[in-house]
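Shared between the two complexes below is subunit A, which pairs with subunit B and subunit C, respectively.
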Partner chain A sequence: MIEAALEGLYQVLTPNSLALMCLGVLLGSLVGFLPGIGGPSTLAIMLPFVMTMKDPYAVIALLVGFDAVGNTASAFTAVLISVPGGSGSQATVLDGYPLAKQGQAMRALSASFFASLVGGLIGPIVLIASLPFLRPMVLSFGSPEFFMLTFWGVTMVGVLSGNVPLKGLLAGILGILIAAVGADDKSGIERFTFDTAYLIEGIDLVLVALGVFAIPECIDLAARRTKVAETQELGEGFWQGARDVFKHWWLTLRASAIGIWVGFLPGLGSSVADWFAYAHAVQTEKHPENFGKGDIRGVIAAESSNNSKEAGDYIPTLAFGIPGGTSTALILTALIAVGINPGPEMLTTQLNLTFAVVWTLTIANIVAVAICLAFIKPISRMCFMPFYSLVPMILVFVFIGAFAANRNNLDLIALLGFSFLGFIMRRHGWPRSPLILGLVLGDKMENYLWLSYGRFGFEWLTRPGVMIIAALVVLSLCYPMLQHWRANKDQTGQP
Partner chain B sequence: MQSKKIVHLFLLVGQIGFAASTSTVIAANAPVTFQGKTLTILISSSPGGGTDTAGRLISQFLPKYLPGNPVTVVQNMPGGGGTIANNHFYANAKPDGLTLLQDSSSAIGNMNRGGSRIKYDHRKNRAVGSIARGGSILMVRKELKDSLTDVKSRKLVVGDTDGIRTWVSMTVWSAEYLNWNLRWLYGYKGSRELSLALRQGEIDLWATSNSRLISDMRKEGFIEMIYQQDEERRADFRDVPTFKEYLGNKKPSGVSWDAYQAWANSEDLDKFIVAPPKTPDNVVAALRDGYMKMNKDDEFKSLATKFFGESWSLSSGEQTEALIKKLTSIPKPAQDFLTQIRKKYGLPAGGAASES
Partner chain C sequence: MNSRMKTEGLLFTLFVGVVMASALWFARDWPVRASIGVLFLGGIGVVLALWQFILDAKRSDANQQRSQFEMPTMAADSQWGNVEIWSWIIGFYLLILLVGFPIAVPLFVLSYSKFYGANWRLGISLSVIAWGFVYGVFEKILHVPWPEPLLFSLFR
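Let's turn to the complex of A and B:
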């Protein structure tokens, strides 16, 4: 095993591989920085060029390097202009943007990048440590267990609703209803499609996230005729952000673990990790009332999880040749083109290639964080730009992002519709995060419930995995109440 | 005087008509070149799947064999099982050979089922060629092979995405004519979820044409292969009988077999590429010629084998066009039989469908 690890490292550190990895990291960071320009689309463009390459290590360096870092740079726009750079950084907006408004953009970004670094380093370590258990771990999750996990996610709507639980619940239900739009995979029956081909595939999460979060903030900026930061100084938050991550090391570790967990379960999808980690932070940390108002712990939880998730994604890809997401599906295609056969051999005869992936994930994360930190000061100044310069720029980014994925004009109309919805929700104090969470989990929940019941009847409720997760759900719901009760008891106990 | 004017008018119209027809003939006979032009290949699925892989592979090699070697741009337009891309292509693509659609046989199934959102007609498109990956192979969990006909044990579960894939036809006909004790569970998102479910024992039977997945599971030792879908055995799975061989003297005939073939045979079409209706014959001929020349390219063949296994094959535009025509003209009795047998086994009823 050590020989394979050294061989993998040696191959990753050859000048050719290193140069390609840096190119991948630069491209990945750029794509992460630009809102809505998805990693999968860029990987698809790169694929024909990569197919002509002969060296498997070069392909791993370029593509894994690209894929590993997309969620790092995406924090820039999430924090500075409330536009999630990618589907993995939506929860970052919740506390990152309020921090930017308070003049703490540098601190938020610095914390975000250091948290990303920790998440990005822990991910590969766990990947190596779990090699002997990969297969039994992945095989222990069937449809009933996946349903319980999505159900657990939906219970988090409460913690994302702040002090307006009813509005949060209704927003969550609206999200689940939006997720129901489109042709039902099972029966082919179309729901709320109004006989249009556009709605058959359902509504794109990126469109909703851009519309609900980004445009209402633009309207707010333009209406207030001001800049994002409400202070005059950028602040010396760089080291403060780093200190924040290490001060909240236990949260960083937990959020990273959640990211890996979500990544390695091939049924949950890439956009769930940051939400799960964020909700976990709100549920378990002291003084949860500060979340959503510019609490650095919200940024740390979201950003450490979305980077560790990338390593988790490779677990089913390498162990079974089953890609964890669209990006890993494209990388899998490229790996096959250069003669690598992902599957059981990756854990035996091709272990050196597995280690090459692990090393690339590690080194690429370090390089990406270094690049982001180098640009943190000039880019942070964006939040001091006057609204008449910033708002048009954001609008251009948002509309390009919405159009780029499918190049369909109707996406722009849908974007406007969700922008209006987001504007109304913001104006009337409706929490917007539960809507996104409902949308992310709605169709998965329905699908896994259908499969669980279809296969096992009501017996699925008696599976050990289901019961364990159910207990965790109850615990996670009771824990904040217990904390609240303890706090009250302490207060009343004080003289 | 008046009659002279009319004659002149007719002559003029005649001259214009002759000139127009002559120029068309000249255009039709002129050597086709794509030099300095951009060839757009629209892919009717999202990046990462089989249709996308086929489209990107072809986008890399086809320009090499087209006169003038055009620059190629690939564009994914997913949605509606290919309907969005098909509608867009059918309505907007100019018949100049510079826009092609990489599609999959599921679009034929959708067209057969019909409905107001289907605004394309593949019979009018000009087929350039198709790539078929070899028939699906039905696998069963090893410990359950003997329970297939055991009515006393629980019904074995066949897993699928939507219950209408072409290979599902084999399991339905097995239940009908070989008395297999089966039920169908559909709703899985795709191959990755299905292969996991088979490994976990959540489903008991599943079929795929993906040779890599089949080989992996075979090496893991928990499956047995029962039969395969093609008329002839796949080169990479010669030890597995075809469905027809497996049925032996229990193979039905008449309308039942017509219905089976209508459902099962669109796998032959698999991933096909078309130019829009009314694309001139000489342009179509150049595209078809380039498509088939890929078959002699060693690098193309090597990559295709890596992606699709050893059983892939290219079909010419003419063969593809004939197959599309055949698959879109299902006799009414066969269509009715299909609907009835699907209803009988609790599968989504409707028109003939196909692999996606």
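Let's turn to the complex of A and C:
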């Protein structure tokens, strides 16, 4: 294991990997502090380029470096203009913006970056610590257990889509059905192709991700015409913010642990981690009445959790090949494209690649926080870019990214179709992440199901691992119903 | 507006249900190997879509549920903003078809930014950056073969 760790570190520190990681960190930070461009959207734009790379370490450096830091820089706009740069900093707004209005923006930003650093470093440590436990578990799994895990992933995705579990499940199933489009490898049957040559190869994940995520965000940015009415003064309090994080070290650690757990559960994204950690802080800290009025603990809880969550995301992604979130679903696609096969091999023969991910997460976080802290004033000024300079550039990148995926004109029409789907889903509050995860997991689910049936007939259903995971599936399906029932009961019980 | 949003939401749920039902219909003639996943999940999907449709129909106009993990959507009063940006998006697509990426990209960036109040310096700078990206990355590094623009093929 130590050899693999050193090999991973060596590969991450090669000039090529370091340069790509820094590029990823810069892009991730840029995307983070520009509202309207989410991490998944940018990853979707990057995929066609990344897939032309041959070196797996280069892909890891660029994409993991990018993914690790998006939430760090997104605090800028959350604190300064009350618009979260990404979904992971929504809860940061609640206390960050009031602090900025009180002239303590510098303190809030500093606390946010130091909390991000702590969360970003704890995450990889837990990822490494989990390897000895994951390894025997993953190696004992066969296709039936993997099928059940993917199935659990989809149900979790749906059920944990917040307050709309049905919509989440439907979006997940829709994603799986989209994954079924094209010629079926095993039977040779053309599914949902309607006798068109274009659909035989299936629908590219890049197109769906660009359409469902990038364009709707862009539409929202354009329709809002985000203009900053008043600029915030940064004020003083840089060191005060750093001290705040260490003063509330126990909260920082707890929030980081929540982030890792949320990341580990398939389907939950950054947008969940910060809310969970924030809610936990409100429930457990003294003087909860101060939250929402400019309490630095609100910023610390949200920011430490959204960064540690990124490492948590990689645990199921690398060990089981089941992405923890939308970003890791897209990264998984890129890894597979360059010959990396997430799953048991990542814990045995390709352990050095797993360590490369861990090192990249660690170093990228340090670099990102250093950049944010060093350039806190100039970056703050850049937050006030008008929408008319962002929207056309995003649209250009999206259209070119869509065309570059297969170099087919019809891809642009498909992009418009999926953009409309994403737009309507966003407009009516349908969670979009389950659709992407369903699309990524769809093929795997079918393959594992058939391998299980082919090898064991129906006996695979009686394997202990399968039964345990089946119980988890049932639990995860029943839990929200129970919650819903309790909420209804409470409501009717009120006078 | 709320009533309109409710109708829109109901129509979308219905659309999802119809997609699931159509998947079942198409899969009925496939061999088991190709159809089992679609039949199993599509069947569940139809039931869930119906359930969601009933829930949406029963809720009042103002009480339609949104995922708490989706960022808040635009205000209802920016309806025109939606039409406007969709027109730009479709316009950009048509421009690409007519004159091709290398010309459409700088033209679109310049016209969009100028239309919404950017000064000439910013508009031209953005256009040059966008064109440089198309030319530098795609033409020179990735050697992407651009499709022949419709307008050029008409005058050839």
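Here, the second predicted complex is superposed on the first by the 272 of 495 C-alpha atoms of A that agree within 3 Å, B and C clash if a C-alpha of one lies under 4 Å from a C-alpha of the other, contacts with A are read in each partner's own complex, and residues count from 1 in each chain.
One rule holds for everything that comes next: a contact is a pair of C-beta atoms (placed from the backbone, for glycine too) under 8 Å apart; a residue touches a chain by one contact, two chains touch by 3 or more.
Here the structure is a predicted model, which means the values were calculated and not measured.
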item	value
Contact breadth on subunit A, by residue count: subunit C or subunit B	C
Touched partner set for A:196, first subunit B, second subunit C, both or neither	first
Subunit B versus subunit C as contact partner of A:407, first or second or both or neither	both
Touched partner set for A:450, first subunit B, second subunit C, both or neither	both
Touching partner for A:430 - first (subunit B), second (subunit C), both, neither	second
Partner chain in contact with A:470 - subunit B first, subunit C second, else both or neither	neither
Touched partner set for A:13, first subunit B, second subunit C, both or neither	neither
Touching partner for A:53 - first (subunit B), second (subunit C), both, neither	neither
Doubly contacted subunit A residues - partners subunit C and subunit B	52, 186-187, 407, 450
Contact set on subunit B toward subunit A in their complex	46-49, 52-53, 56-57, 59-60, 74-81, 83-84, 87, 116-117, 119, 157, 161-164, 185-189, 192-193, 195-197, 199-200, 202-203, 212-213, 216, 219-220, 303, 306-307, 348, 350
Complex contact set, residues of subunit A against subunit C	49, 52, 84, 87, 90, 161-164, 166-170, 173-174, 176-177, 180, 184, 186-187, 189, 191-192, 215, 218-220, 222-225, 269, 271-272, 275, 386-389, 391-393, 395-397, 399-400, 403-404, 407, 409, 412, 416, 419, 423-433, 442, 445-446, 449-450
Interface residues, subunit A side, partner subunit B - complex	40-41, 43-45, 47-48, 51-52, 138-139, 142-143, 183, 185-188, 193, 195-198, 200-201, 266-267, 316, 320-323, 326, 329-330, 333, 336-337, 339, 341, 343-344, 406-408, 447, 450-451, 454-455
Residues of subunit C defined as touching subunit A within the complex	5, 8-9, 12, 16, 19-20, 23, 26-27, 30-31, 33-34, 36-38, 41-42, 44-45, 48-49, 51-52, 55, 64-71, 73-74, 78, 81-82, 84-86, 88-90, 92-93, 96-97, 101, 105, 108-109, 112-113, 115-118, 122, 126, 129-130, 133-134, 137-138, 142, 144-145, 147
